[in-house]
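Two complexes follow with chain A in common, the first pairing it with chain B and the second with chain C.
Let's look at the complex of A and B:
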């Protein structure tokens, strides 16, 4: 395995950070919106001076509830406008004949490509997670509230990215080569972590409650749901396992080369 | 080249670069059934190091399907070995160069989508560890600089072919599979590509599977020609001449043609007559007596 090849492929897949300048601007706007317009009037939370009700009684509860809601909206926004077109659709496109043929004829191994694709997802999750942590820290410090409470939604978004990305890559079995199928796969991967909660609600009453907290799902607007850190954690773990499965499946293929000078034919690497 | 080919044929006959045996293939029709008569029925096609095989055939005769089978994009009945191993869609073949359009799905081009030409080339050069002297000539000759910032998805047919030629030839492959490789190329790029390919064929043990519907092109680059007729590979017409053609001014059709058939000859003549630039042409020819099959 050549680390150099993986590095080159990651650079090729992830691309230039300057391409995401608009995301940085939106992120900064979001951070500013979470700071200065949000306040406490003494009786309730305010946004641009307008009192907002139904956000709890104490100062900390109210601010946390409002900021968590902001984070959930950001989660939805990132999922629809960034995760789907910039990661999931591109991941599914990377399974097409267009995108596999040229790389199959380049001097790299199938598992090197698989590792770089998996790292592509992990880098995405990591970067989004870091942005989320920075937002939580800033908000926690500015509003003097527990930032760890705000991290829950960030973990949820990270687990959403890992599971959705892992699903697309794990479905790289050579069947979904058409444009329509690839789009369907990326869309299904996007909504899967969310719709899993429907299954959870469906079997919640049937199965033992002790184990149900390990049922995977990742949904925004999760206030009121219990044990969500477990649900999000298991979701991230399953996503990570799917990425590993994608890499493992590629080990059944090989890089076929022939060395005529040595008289050896068909070596595999 | 013939000597090399002979040596490898006799010494390594069990491990040719490409081996198709007892191939039977047909596409599934819209109603879900296979056609009664297979599209391809190939008893044997073996390509050893140094071999240059040409396949000619009309549109829809199954030429591109052969390539798809070799690349592992279609699975036929029979044996398909590439570099001594069973061809598979998941395997990587760094010693294989491919120019063509797999047309697996409508709109699929064999080149990645959603990236710029420069980004693709940067990635490719880095992975292949190419030095500037190895590709500079190709970049200039094919005029890649003119569309470096374009998205690969928006390239014209000719630009796409130029890019594929770059990807296929700069890495100095052992085996080149070219499927209608000059289709859509301008005259200058076509001449450059053929000249480069002839140089590679002379200087390295490059083997070639050249698939085209143009007989003269196949005669120029290959020494064994098969015709794909009703799904079967048959030895092409043996009434041939080795020809040398010069035009003034020099055009892409200038060069040496081994085993030029009457069909190829007519194609060249029509090109000469069709070009308003050509003021004179010289042709020398001698009848081919050896049996190439």
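Let's look at the complex of A and C:
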């Protein structure tokens, strides 16, 4: 295994910060929207001066409800406009026959490619989580509320990314090879963490076991749901395990010799 | 071969549009269920902060465009000419003992009158509530509006 190959592949996959300038602009405007227009009128929370009727009687409760809702809208926006086209569709595209054949021309072994794909997902989750933590710290400092309450939606988004990316990689079983099928897999992976809550509600009504709080799902607008951090944490853990499984499955090709010459002369190609 | 299948796929987008009237005109269990789900989603959207903000922002824009300088008029009820509704917002202002302006906005309040020729007045319950508020009697628990 060569770290240099992985580094080059990740640089190709993730890109640099100049490609995500529009995302940074949208993030900054979102942060500003959750700071200055949000206020407290004495009886209720206000947004641009308009009074809103939200859950919670105290100032902290209703501000937290509004900011959590903003985070949920941001979650939906990121999932539809950034996660699906920029991560999941490109991830499933990288598993297609065309891309696999192309990458075989490079001196990378299959498990190096697998590791770089898994790191791609993890870097996405890490960066989005960092942006979320910075947002919640700024909001907590500006409004003087507990920022740890705001982190729950950020954890949910991170676990959503991990599980969706893990599902795309784990479904690389050789059945879905065409472009349309790969797109369908990426869409299925996008909605599966949300769809899982329907299974949870169905099973929970029948069984009502105490272990049901470890059932994986990740949904925005999670006000009123109980044990939400367990569900999100298990989702992230399963996504991480799926990434590890993808890497482990590619290790069966580790005996394939990809360097026809000594490693130092690879620059001739 | 590859090109022809691709062309077929790209022409099939209108099938999604066709699905909407087909689903809406479905038989008993399906179409009412779709309407019910849509209504539940819409009702819940009005409870979110973004939904409430949009409602009030649209109201504000309409007020600013159409009713900003208008003095307002009263629309009598079609079956009872002695009751009616004010067409826009009514802003009532007073000055309290400490010299602060205190104002109170009624959005399209109900109006009543004694006879066809007499002047319009606020509905009795609104009138008493307004008087209390302007005196400073009926303040909300935190003491602000």
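The definition used in the following text is that the second predicted complex is superposed on the first by the 251 of 269 C-alpha atoms of A that agree within 3 Å, B and C clash if a C-alpha of one lies under 4 Å from a C-alpha of the other, contacts with A are read in each partner's own complex, and residues count from 1 in each chain.
Everything that follows uses one rule, which is that contacts are C-beta pairs under 8 Å (C-beta built on N, C-alpha and C of every residue); 3 or more make two chains touch, one makes a residue touch a chain.
In this text, all values refer to a predicted model and were calculated from it rather than measured experimentally.
Using the contact criterion defined above for the overlaid structures, shared-chain residue A:69 touches chain C, although it does not reach chain B. When the two complexes are overlaid on their common chain A, residue A:183 makes contact with neither chain B nor chain C.
In the superposition on chain A, A:53 makes contact with chain C only, not with chain B. After overlaying the two complexes on the shared chain, residue contacts for A:229 are found with neither chain B nor chain C. If you count the residues of chain A touched by chain B and by chain C, you find the higher number for B.
When the two complexes are overlaid on their common chain A, residue A:86 makes contact with neither chain B nor chain C.
Touch criterion met: A:43 reaches chain C, while chain B stays clear of it.
In the superposition on the C-alpha atoms of chain A, no part of chain A is touched by chain B in one complex and by chain C in the other.
Contacts from chain B toward chain A in the complex involve residues 8, 12, 15, 17, 49, 71, 73, 82-85, 88-98, 102, 104-105, 107-115, 119-120, 122-124, 126-129, 167-168, 171, 174, 205.
On the chain A side of its complex with chain C, the touching residues are 41-43, 45, 47-48, 50-54, 65-66, 69-70, 73, 180, 221.
Across the complex, chain A meets chain B through its residues 5, 8-9, 11-12, 15, 90, 93, 96-110, 174, 177-179, 250, 252-258, 260, 263, 265-266, 268. The part of chain C that touches chain A in the complex is made up of residues 9, 48-50, 52-53, 56-57, 60, 140-145.
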